[in-house]
Structure formats: structure tokens, C-alpha cells
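First, the structure itself, so that you have it in front of you.
Labels run A, B and C following the written order; every chain starts at residue 1.
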Amino acid sequence: MEQTFAIQMKDITKRFGKVVANDHVSLDIKRGEILSLLGENGSGKTTLMNMLAGIYFPDEGQILVNGVPVTIASPKDAFDCGIGMVHQHFKLVDVFTAAENIILGLDSRQKLDLKAVAAKIEDICGRYGFVIDPYKKVYNMSVSEKQTVEIVKVLYRGADILILDEPTAVLTPQETDRLFAVMRNMKADGKAMVIITHKLHEVMDVSDRVAVLRKGQYIGDVATADTDPQKLTDMMVGHAVTLNIERPLVETRNLRLEVEDLTVLTPDGIKALDSVSFQAFGGEILGIAGISGSGQKELLEAIAGLQPTQPGSHVIYHPPAPDEPIAGQHVPVDRGGEELLGKTPRQIHDIGVSMAFVPEDRLGMGLVGTMGMADNMMLKTYRSGKGPLLDRKPPRQLAEKVKQELDVLTPSINTPVRRLSGGNVQKVLVGREIAQEPSVLMTAYAVRGLDINTSYTIYNLLTAEKLKGVAVIYAGEDLDVLLELCDRILVLCGGQVSGILDARTATKEEVGLLMTKFKKEGAQA
Amino acid sequence: MSDLVVRLLQSSVCFGTVIMYGAIGEILTERAGNLNLGVPGIMYLGGISGLAASFFYESSTADPNGLVCLVISLLAAFLASALGGLLYSFLTITLRANQNVTGLTLTIFGGGIANFFGGSLTSLAGGVGQISVAATSAVYRTTIPGLSGLGIVGKLFFNYGFMVYLAIVLAIVMHWFLNRTRRGLDLRAVGEDPATADAAGINVARNKYLATCIGAGISGLGGLYYTMDYIKGTWANDGTIESLGWLAVALVIFATWRSINAIWGSYLFGFLFWVYLIIPGLARKDIELFKMLPYLVTIAVLVITSLRKKREDQPPASLGLAYFREER
Amino acid sequence: MTQVSQHKDPLLRIVKRDAISRPKAYTIRLLAVLLSLVVSGAFIFAVTHLDPIRVYEAIFDGAFGTSRRSWVTIRDAMILLCIGVGLAPAFKMKFWNIGAEGQILIGGVITAGIMRAYGSALPTPALLVVMAAVSLLCGCLWGVIPAVFKAYWNTNETLFTLMMNYVAIQLTSYCVALWENPVGSNTVGVINQMTGYGWFPALFGQNYGLNVVLVLALTAGMYIYLKHSKQGYEISVVGDSQNTARYAGINVKKVTIRTMAISGAICGLAGFIEVAGVSHTISTDTAGGRGFTAIIVAWLAHFNTLVMILISFLLVFLQKGAVQIASQFNLNDYASNIITGIILFFILGSEFFINYRVILRGRKEADGK
């Protein structure tokens, strides 16, 4: 029998605690083809592939490589099976050269002959059309060069099944084209390739076949030639789900925040935000949609004073009128509009602009892991009160209140929050920010990893804030929620505003297409 | 060249050799990401073990054989120091104790062991007076026959015991190992980025254990050289080894974690420490100020490297941090 | 093709504990101390062939056998505690101040200098205040220098403070040579031996009464500062995550420098207490490695200064006992360092069993959460 399947995954299930990341997924990967693994954030794409790469071990199911059942318990096992994965976060030693990184951990008995290594690298590069300087130090490399090193590292180890996890997320359109050209060369060489992505135009551009995951489940696969972005979007997002989130309309909406030409650079000098302009109003929830890493984090952080901005950027804050219920408890500012950029995070906070950002590691910013709920409640307010000593009474009361109202599961308000589960950590964070009685409330991924009931609690809290006249900015991942919770949706794509839609009339497809708008144009340019 | 200058240079080399051993061993350890502040304690362990081993051998026989003296003391010093390294490794790598605190404890412990036995060895063995191992010390202080008699050149370059040359050889071998072998490359990867090394299939714990134990063994030889050659096979409870041990830690920084630099760096430290010899008219108090120089120079190097931010001169990126694979 | 061997669970699996009850944690620590005492006893037995029970009798006798011995134990525990209290804020901020040794010496040297120079010029109470203030300032300076470099250029503070120790030691050597008395002895001798100028006065009829009052006041003050003050709160936040600190609008540079100023100042004050209240002289042994031992005290107490009282007493108690045994058997007192080392190794190792659980292969996580 002719063997065409490089990999067969059968009935794979992987759970993290109560969350089912992959639910009986079966997937085949063929030689000489590029397979796109498509799905929204959190649909389980990376988890599935990590089981091939030896990072995770499946709870159930079987993996066959070239028709033979195998056990992949470590990255080394994966290499032995000829599987190589290029992760989103590069695993390279900064002070080493490309060649040194590539041979790391290989045949320690052999002589270290970097010339021979370089020759072999050149050979691989020549075969597939890479360009790489084996003697260049990683810390001197651009992101795209680092990615190339990762791919060559995998090839050098003899991998003939390559998995690329969102390889284009960090690349310019030109670099993306070059990568795709290399991938086509590798395909012609008979290698099997998987590209994990959620960008439709890339799927159409490079792959032969598309497999779609949604919320941990395998939806199906189609030949790329037989499909189009519209059909793929339907598969990826599914039919619009009615969530029945209450969405009252506030009649008087006053201008609260004016963002003009906001530009932010990453440490590498790439534009994370490119001339972003929009307005946010009191009494509305402004949703921010976009694939992950489109500049959401930078946008919110820049407004909160945590990101250095480029000259020409403006964030103008208009305080609530004196007769509004939320007025009066913050540091007074120019009624004609106060520039926020150039102020410290503390000043901005004192004015009434609050941010509840739930980072991916949850505790990295916003909460102190070693402290209990009570002490975390006063992270931004501990200075209040006279004298050098802390007044622990208000934060303790607030902690009890948040614990009760949001149903936080913790043995006591003094239990270090890093011991709490993710969802509970988030409740603490969001609860605290709302308690600040802000006039602008920004949240990012506030319901990430939360169960349905808790998510609704948070939606209701945000809506209540809106009714008070607060300008709520909500960056989220789930389009269904954005469409039902928000009044307007701003779509970010590659650091630019690709559109602002009325959430009451917009469709899921409209938002989805705006999310990938610019990359497509860039790639064609 | 005056006798004074020759004496200064000779003293610099001898002084430098003690700390060079300490530094070479510590460079290996730190390259694997372990900041072992137990170097002084380890040098103490090396010094006392070598001394004790040859003491028991010498007192057990009427006519000690030079070669046996040498082998016994070298082995004892290396093994005892490596054991100190093993203790540190077990606590920091397996039991994940804090590296700095563990290292400091090892320094207290090693100093305690060495000074306790150094001061009590003779009385414990039922003898009286100072401990002394004349025969072994003589072996360590044998200079190269013939060459050492060649006037100034002989005095400057060939008038030392073999351990002075062994230190240089070790420094070069260490440099070759770290930079020219695959094992060395893997080891450096462990110190820079253990997660990456782990993903590349390198056994992080094994590398750290080996580097720390062998590094400690080498550091301990510094203590051995000090007791056998520098103070001629005796023992003094004066804390000198401890201050030399810290100087060895300083030298690692000065050498920017490169053992080749440790060669000239150690002699420079020796020179700075003894330079008051050639400055006429110094009172004893002024000498103490001069002895501050190696530390001031190290601070300057530390500050300059952090200001310049040159990547190659920085400490290994994961230095001092414990590594364990994150479990979900 | 490659057939990879069957996946097996490792023999031992290490799992981070979610939480451990306080009594359980202290039981583990207590076991570690007991175990270390057994090992220390075995060591002493091996060297002296003394009946182990008598070993502990001798230890107790050495530490508390007479009223004088008790006071010496208290005195030394207070100094160690004082240094530990000084180190607590720095370590809580995760700033590795291993320069206490130098900060103590600098405080001690300046105290001795003032005591010598102005002993007869000022009344003792005024002199004490001046010496305390200047030693605070000097210790503070010694702590702030590395902190500034750390705050602005991220210069490695562990190595910087370590080097500062030796600069201080050489400065001390210089002063000792400068103030030599009698000439040729290479010591300063007891300063103002006849007059007692600048010495701590007896309090409650005890020579070391003032030491105890001062240090306990500092300990209580530091406890409140770290637990209940706004600045202490900032220290905790910076020590946990600098990102979070910035998010909360805390000026990390300012907190770093301010905290090290406090840490260095208290260590400098410890030097003052040692010179003016204990030894009345200065030498390079004035700090005597206690700057390092105190790090371990602070670390083991998890920066809780009240717990430090216990640990300081435990260590000094054992050291005094070891010295007693050593003198009885005509050995030297370095035995106490060995015993200190053994105890610390055990306590350090025991922390692992507080933070992690070890699961044998095949056993389920039965006693999970």
C-alpha cells in the first residue's frame, strides 16, 4: 500500500483541568502538501500541534507517524519521528550565533566544527531558498531572521514534517511572501507541512488543504481550491450565536476620550500602533476586535500611560460634566480637554481613567501574586489617607464585597491570589477596577477562561458602568460577545484601525473580514 | 631590573595563581547558570583536605614519597571541594534552594571545617604544635630544574611550583572546552537559557551538576596551592583564604566570564595587591589602602560593563535562577 | 521507521504545593532543625567522643550556664538580629544586599573614630547620638551606591555589594593601622578604656540593656514598617513584580534607592551598637561574617522580623554552645561555624518540602488539594 499519510491523529483529547482543549480530534497530514490549521484564538490549534511536538501528552487518542503508532513524550521523541515545530515564541539563545543555536544539543561527542555546520546550513538554505548568515548573533537578528533560524534548526535535525505556529504574525508582507515561497519549495521536496493561522488570505494563498477547529472540536477539512474566505469564515466562527446579553441604549453620550494619530513602536522598532484615531463616549461600550497581537495591548497601555508613544500622538480626555453622577471624585482637569500623554500612570489613574488588563499570564501585571485579595485591592489606592501607615479597612471591606458580589472562590481574602484559579484572579482584577468608580474603564480579555455564568456577571457589571455614564472600552476575542455587548466596535488590524462599526447592525462576517483587511492588501502590494 | 620589582612580579604570580584556580572553577559553574557564592568555603575545603591528607600520610611513614604526597593531596583537595559542590548542587538544583543563600552557607561551613581542623588537627592526632607537611610542600615548591636558574628570565618565568603552570593550562583548556566543543556549547546554553536548552534535548540538571561539582573541584585547588606553596605547607586561622575566595569571585566578573582573561586578570590582581612593595616610604596604613585596588577595579569593571551593555560581556542570562520545567 | 519507547511516568514527580497549613510548615522546619541537631551531635561525638547527651548539656551550659553567659548570648543575638532587621527590607524587595558586612564595618569605623576623637569633648549621651547618626549615614551611603547603579543601569547588586564589603574591610584595616594602640600591636585596643566615654551606659543594671532595647525597638519598628506602612507596601509590590509596580504607578527606581538607604543605615547602626555597646574597639573582625549569617536569618524568617528573633537566638545559642565544647576539649571555636552550616543546610533543604510534594510513580495525587 502506498503510504501518503505522514501523520494520523486519531481521537485525540486533551484537557487542562476542566477545560477541554481538544475534544476527540482526528486529523491527517499528508506528504507533499501544505495543510492550514484554521481557527479562532482558543480553538485548540496550538494545543493539538504541541502534542505532535512533544510539549504536551494527549489524555486520549493515538498518533501514527508513517502508519506506525508512536509515543511522543518529549521534544526529542518528536525529532526522532521527524517532526519539527517552530513555536510562536522562539527558543533561541540570544548571545549565540545562528549556527551555534542550530546544533544545540546535537551529538555532544562530535567535534565542534562550525565551518562544517555552516556548510550544511548553506546547503539547506540553498535547497529551499533561505538566506541566513550562520555567524550572525541572534540578538542582532530581525524577527524574520530569527524565524528562519528556527526553521533551519528543525530542518537540520532532519525533520520532514514541519509545523509552523502562526509564523506570519510577526512578519512584514514581504517577509511573509518570502516565507511562503520557501514553504512551497519544501513542499516540492516532499515534506509535509502544517501552518497554524487564523488569517484567511494566507490560507488561500499558501495551503493545499484547510482543516478547521472551533472551540476544541474538529469541524472538517476542505481542499483550498474548493473554498473561499466566506465559506471558511462560516466554518471558523460558526453561525452567529444569540447570547441574550442585555444592551440598553444610553441617550446622552458625551465625548470622553479622543485618540488622535496614536503611534506606538515595539522594542524592535516595528509599529505596534499606526496612527490610530477614534473617539470614546460616556454611556457606551466601545468594543475592540482584532486578531491577537494587532495592537490591543499597546492601545490600552498607551492610554493608561504605560507605553511610550511617538511624537504627534494625542489622547485627549474630556471630564464628565459636573452634574453627571460619576463626576467629582477624581482630580479635576481642564474642562476643554486634557492631554493624557506625558502623564504618569498614577496621574492618569487619579484623573479617573482605569484599566483592567488581563494579561496572558494573568498575574504579570495588575495583581501582586504573593498578596491576598485585600492587599491587592489597594494597589492603586494605598496612598490615600494621611500618615505613613496603610489604612487596611477600606480594602478589606472592598475585598469582602468583591468576593461576595462576584462570587470569588478563595479560602480567605488574605490567601495569596496566585493560589486562586484563573477565573477567580480575573474577578478580583475586574472587581477592583470597577470599584475605582472610573470615568473611563478599559478592560482587555476580561472573560478569558471564565465560565459562562461568571462571564455574564462581568458583562452585567460593564453594562451597569455604562449606564452610569462611564466610557467603557472592551477588548475581546469572542465576536459573538462583542456584537451583543458593545454599542460600537472598533476593528484593529496590524496596528491600524480597519473600521468602526455599529454593533447593533454589523454582522460577524463584516467584522471578520475587517480583522484581516490590511495584511491582504499589503501582501498584494 | 631591581630585586624589588622581581619580588613584586613573583608575588603577583603566586597570589594570582590562588585566585585563578578559584575563578576558573567558578567560571565553569557560573557558565552553567549557578552563582556559587561558596567559593571561599570550597577553597577552604580544598586547602584543608589536601593538607590533612598529606599530614596523615607524612605522619604515617618515616620517609614520605614525593609522588604519593602529591597524588594524595591533589586527589583529596579535588574530591573534598567537589563534594562541597555536590552539596550546593543538591540543595540548589534538586531541592531548589536559593543559590545565594546556599552559597553563603557553604562559605560559612567550609570555613568552619577548615579552620576547625586546621587549628585542631595536630591535637586531635595526639601531637603538639603547628601542623606542617614539609615533604609535600617541598614537592609543590619544586621549581623547574635548570630553567629556573636562568637569571632574571628564570626568576620571573620558571621559578614557581608546577601548580602555577597547571593553572594556566587549566584556564586554556577551560576556554577551549567552553568555546570549541559541543559539550561546552550545550553547557553555555544551559546557563543562558535553560528552557531553550531543555527544548533542544539538553539535560539541564546533569549539566548543572557536573559543571558545579567539577568547577568546585578546580576552585578547591586554589586553596590547596595556597596551603602547600603560598604558605609552605602550614595552616593559619587568619581568614586569608576567605578574602582570596571573594577575590576569585571578583575575578570572574573582571574576566567577564572568560577563563583566558582570568590568566592576566589574576596576575593583575596580584600586582595591584602587592604593588605597594615597590612604592617607597609607605606606612603600613597606606598599604591597606593599596590592597583595596583589586576590589575597586572590579567595581569599575562591573559598572562599565553594565553601562556599555555589550551582550558578550554580560553575566550568563539565567545566572542565579533556578530552572524547572513548568508543569500544567 | 522510528518506534519510540513506551511513555512512562518518571519515578519521582515533583509537584508544586497549592498551599500548606502553617502548623504543617512549621512541623517540617522543626523536624529539619532536630535532624540537624542530630547530625551536629554526631559530628561533635565523632571529634570528641563525648556522650551526645552531655554534648547538649555542654551547649546549654555554654549559652546559659551563668548569668554572664546568658547576657553574652543575648548580646550577640541582638547584634545578629539587628543586621537581619536591616537586611529584611532589601531582601523583601528582592535586592540582594550581601554587603551588610561592609555596611556594619563602615558604621563601626566611624563610631570608633568619633569615640576616639571626641570622647572627652562631648558628654556621653550627646556623643552617642552623634555616633548613631553618623553611623546611620555612613551605612546608608554604603547601601545607596550599589542601589543607584542597580536602579539606573541594572548593575548586578549581588556582586557590587560583595565588592563593597572588601573596600570597607580595607578601609577598616587602614584605620586600625592609623589608630593603633599600643603601637605595633596592629589593634586599636579598647577605646576610652579608663573613661568609658562614648560607651553605652548600663540600663536596668545591665551592661547590654540598651542594646536589647534599641534592637527590639528596631525589630518592632521594621515589622510595622514592612507590614503596615505605605512604603513597606511598595517594597512588597516591587519585590513581587516590577511590571505590576509600574502599573500601580510606583516609581521603582525611587523605591529601590530608598529601601537600600534604609537597609544600609540599619546595618551601619548595627556597627555602632557593636562598637559603642559591645566591643568598644574596631577591627576587621567587628562584623565577623555576621553580615552573611544575617542574610540567612532574614531569608529563613521570610523577612518577618519577629520570627528573626527566634532564629537569631537559635543560631547564637548553638554557636555559644559550640564554643564552650571547643574550649572544654581544647579545640578551636570554629566548630560553631560548622554547626551553623549544618543547621542552615537542613533548614534550606526543608523549604523544598514545604513548597513541593514528591509523588512516587504509580501513586495518584491522592492528597491533592
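Convention: a contact is a pair of C-beta atoms (placed from the backbone, for glycine too) under 8 Å apart; a residue touches a chain by one contact, two chains touch by 3 or more.
All figures in this text were calculated on a predicted structure; none of them were measured in a lab.
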* To do: Any chance you could check whether A-B or B-C wins on number of contacting C-beta pairs?
  => B-C
* To do: Averaging the CA atoms per chain, pick out the one whose centre lands closest to the mean of every protein CA shown.
  => C
* Intercentroid distance (Cα basis), subunit C paired with subunit A, Å -> 46
* Taking each chain's centre as its mean C-alpha position, how far apart are subunit A and subunit B in Å? -> 49
* To do: Express in whole angstrom the distance between the two chain centres, defined as the mean CA positions of subunit B and subunit C.
  => 26
* Structure fact -> Given the complex, residues on subunit C that touch subunit B span 14-16, 47, 96, 98, 149, 153-156, 158-160, 162-167, 169-171, 173-178, 289, 292-293, 295-296, 299, 330-332, 334-342, 344-345, 348-349, 351-352, 355-356
* To do: Provide the residue numbers of subunit A that touch subunit B in the complex, in ascending order.
  => 16, 56, 74-76, 79, 91-96, 100, 103-112, 137, 139
* subunit A residues within the subunit C interface of the complex -> 57, 65-66, 68, 70-73, 77, 80-82, 304, 306, 344-347, 349, 363-371, 375, 378-380, 382-383, 388-390, 392, 411, 415, 419
* Can you name the residues of subunit B that touch subunit A in the complex? -> 180-186, 188-189, 192-193, 195-197, 199-202, 311-312, 314, 317, 328
* In the complex, go through subunit B and note every residue touching subunit C. => 35, 37, 87, 91, 95-98, 100-102, 104-116, 119-120, 123-124, 237, 243, 246-247, 249-250, 253, 283-289, 291-292, 295-296, 298-299, 302-303, 306-307, 315, 320, 324, 327
